[in-house]
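Same chain, two partners: subunit A is paired with subunit B first, then with subunit C.
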Partner chain A sequence: MGTRIAAATKPILRARLRSTPANGHVSFVPQIRKLVFEYCEKWPSSANTRTYLLQHVENLAKANPHVEVVVLQRNMREPIVRGFYLNDRDKVISLKESEVNQIQQKVQLLLDSSGAKIKSLKRRPVESTTEATRGIWSGFHTAEPFKI
Partner chain B sequence: MASLLKLSSARQLAARALSTQAVAAPPSTSSALSLIRSQPSQYVVAAIAGKKYLLAPKDLLTVPRLNDVRVGDILSLSEIHELGSREYTLRGAPLIPQEAVRVQATVVEHTKGKMEVIVKKKKRKGYTRTIKHKQPYTRLRIGSIEVEGAEL
Partner chain C sequence: MSLTHKRLASTAAKLKLAKKTAISTSHLKAFPPPEASSSQFFNPKTWATLQPPPPSSLSAFAHRIGLGQVILSPSSPPSASASAPTGTALLQQALTHPSFVPLFQKHYPNEPLPLTNANLNTVGNGLMGLFAAEWLNAAYPHLPTRVLKAAVSAYVGPVSCANVAKEWGVVPLLRWNRTPSTPLRPAVLHTDALSSVPRALTALIYTHRSLPTARKFVHNFFLSRDVDLRGMIKFRDPKKALSETVARFGRERPVSRLLRETGRFSNSPIFVVGIYSGSDLLGEGFGSSLKMAEFRAAEDSLHRLYLTRTPSHLLSLPTTTFSTSRPSMLDAIPASQSVGQGEGGEGVYVPGELGVTEVLYGSSERSGVKVVGRPVGRGFVDGVEESGEGELEVEGSLS
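Here is the complex of A and B:
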């Protein structure tokens, strides 16, 4: 019923006590968790994908033990590779009429990615969550106050 | 009104100024480094692939694609031009030696930017070209800044 008196010190809000994510700062967790290859047994558009699956997929799985590699037969569909990431997003790339080395490049693209949505990376090279080390300049705290 | 304006004393002026008074330069590099290390946070100006960036720990840095590294590799920054904290700065001539400051960066991902569509056209000549382009980038996470010197 009475008026609330403001606290003498600034209250600590619980959101400030959370830690911010910084993957790679101390330890790095690869962001890709699963790769799914979908192919057709008969159609010619999947021919190169079938060659890749017979020759290269096992070595890929051995070289990337953190990734779950799944081969899924989907008949009468175009070939596809799907990458699942830890941020619950997935990237789908069509392998229709791709040569085997092009398939290798697309798979490497999925392995290198973090799953984040593609956005323009031209403007801001440094993304920082820490406060400015040197402090922020304040016009009210200079040695000489500005005289009109 | 006029009396209020005249009231600023030397003490109040000093209290208003946030920057410290100038001190004599420290006698040796190690004492300069210990001064910087004693402050709560430090920054580093480092050059990667020819461009300088102001970096702090935990920053995510986006640079043009580095083809020789793989995701998860740890890189050691070899061109450090400046080390600083809130009140002190150590400037290299032109670089600060690796024995004094060490900063590492982890390769977090290799990505591409947004699709850019470049249209070239010459009027009345029937010349139109459309170029679709995605610039490749590498993203690095900066580790801690390790300043050399005896711990307290």
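Here is the complex of A and C:
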């Protein structure tokens, strides 16, 4: 029989070969998949929402064919709009004290969002998949050697 | 984790799962289902998996990935029969895995069987492999063969296809059934079912539009993703490989020179070594020892060779010669036609530069070099064939 020698490096298994995502580099997949409007038929807090649903929601659905738009009657409750995203999270915005154009702004906010949790920018360190965009400085590769 | 924590975590997981499997009921023929009240063995979870997704979610999915016009427009390919599905029914077919059919038959024996994506999966898989292989070969002409094969798996393999499907939001739309493995066929897992969807969609685009359109689809969603090719190219002895490669190219023998150093004899020295062929610097490497720096420099030189990339404006792909009309078995491409028309001026196809094949050292069993993982000395043919494995460390069952 022959002899085998051990591999010099860790073997790369075919089942583990994969690529990492790059949404937006060439094609963009919008992250919102569904918008649900919940309103009450009688209460005055839903009056503006009812106006919006009668006048604007159809145009909204036509302008955003990638979003499922659902209108749900929920009586004796305050009006809300709920957005469902591809990362299995949802965002809920109350439309209780909103004028009709403010409702449009809130809906646009949901349409533009990625569904990720909002984290404070204050104390988070930099997160990146790459080391650096311009390369990492090296004292050995300057025109004049760096002297401490 | 304490018991209380474990209970809370499992309850939260169950609730999350319940949220995921919630389905809308407005498109169903009858709700609540008649079997719920009549039979005592009604399982709501099974019933939920058997229901088709609502047409609105299918249409939203098609528009989300930019296929609204392709799939949902009423045109159909010339070879399609009158009963071929169109619109959301076509998309439904692409989203139904063959493992779903036995489950459906068991619960609805009198209904017509749902169409599955088995054939589309096979066609799409071949197409995706074709597009990935031709692009990688054109973009990286000097890439070693085994690395090329691994890169094709990384770009359009089962894991990537499943991940892309998840990112598209296919999970609530997919109809499948988990089946354990039998002696006759392997198991069907979630990744297997998910990975069939992008392949089926590629095949659909090919049949309903053209091959160049299908190629654009694969380039947009798969070949634009990131794969670390550098990490796939590994060497047992890069210095030896480099010296033989340089000899193959007919250049001067490589010489390593110390470019910079600091901290020699301290506990953290740094050496920067460059490998020169004559006066041309082939590669540079750092290390805490001279040998390590030289090793990295040789690796760097070989990476710079193997990973040379054709600029995208000089890239020419063989499939640009295919016609931009719908594929039909009756079409014969005439001998004079070699231009892909109507694709934004692709022009005449010019074959790209053929890269020099990688050096295979230890080229016969008589040299006495042992090869990685393969028994040596089984005969002349085996020795010749296995000679290449010594250089590259791409393992797994790639051959």
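Just so we're on the same page, the second predicted complex is superposed on the first by the 106 of 148 C-alpha atoms of A that agree within 3 Å, B and C clash if a C-alpha of one lies under 4 Å from a C-alpha of the other, contacts with A are read in each partner's own complex, and residues count from 1 in each chain.
Everything that follows uses one rule, which is that a contact is a pair of C-beta atoms (placed from the backbone, for glycine too) under 8 Å apart; a residue touches a chain by one contact, two chains touch by 3 or more.
Bear in mind the structure is a predicted one, so any value in this text is a computation, not a measurement.
Applying the stated contact rule after C-alpha superposition, one finds that A:Thr133 touches subunit B and leaves subunit C untouched. Legend: residue contacts after superposition of the two complexes on their common chain; A:Arg18 is shown touching subunit C, with no touch to subunit B.
Of the two partner chains placed by the overlay, neither subunit B nor subunit C lies in contact with A:Asn59. Within the superposed three-chain model, A:Arg4 lies in touch with subunit C and out of touch with subunit B [touch as defined at top]. Within the superposed three-chain model, A:Val26 lies in touch with subunit B and with subunit C [touch as defined at top].
Once the two complexes are overlaid on the shared chain, A:Pro125 sits against subunit B while remaining clear of subunit C. By the touch criterion defined above, A:Thr142 reaches subunit B but does not reach subunit C.
Under the contact criterion defined above, the residues of subunit A that touch both subunit B in one complex and subunit C in the other are 20, 22-23, 25-26, 30, 129, 140, 145.
Those residues of subunit A that touch subunit C in the complex are listed here as 1-9, 11-23, 25-27, 29-30, 33-34, 65-68, 70, 86, 88, 129, 140, 145. Across the complex, subunit A meets subunit B through its residues 20, 22-26, 28, 30-31, 109, 111-114, 116, 118-122, 124-131, 133-135, 138, 140-145. Across the interface of their complex, subunit A is touched by residues 16, 19-20, 24, 54, 56-57, 59-61, 63-66, 68, 150, 153-155, 157-160, 163-164, 167-169, 219-222, 224-227, 232, 234-236, 259-260, 262, 270, 272, 286, 370-378, 393-398 of subunit C.
Residues of subunit B touching subunit A in their complex: 8, 13, 16-19, 41-43, 51, 53-63, 71-72, 84-86, 106-115, 134-135, 137, 139-144.
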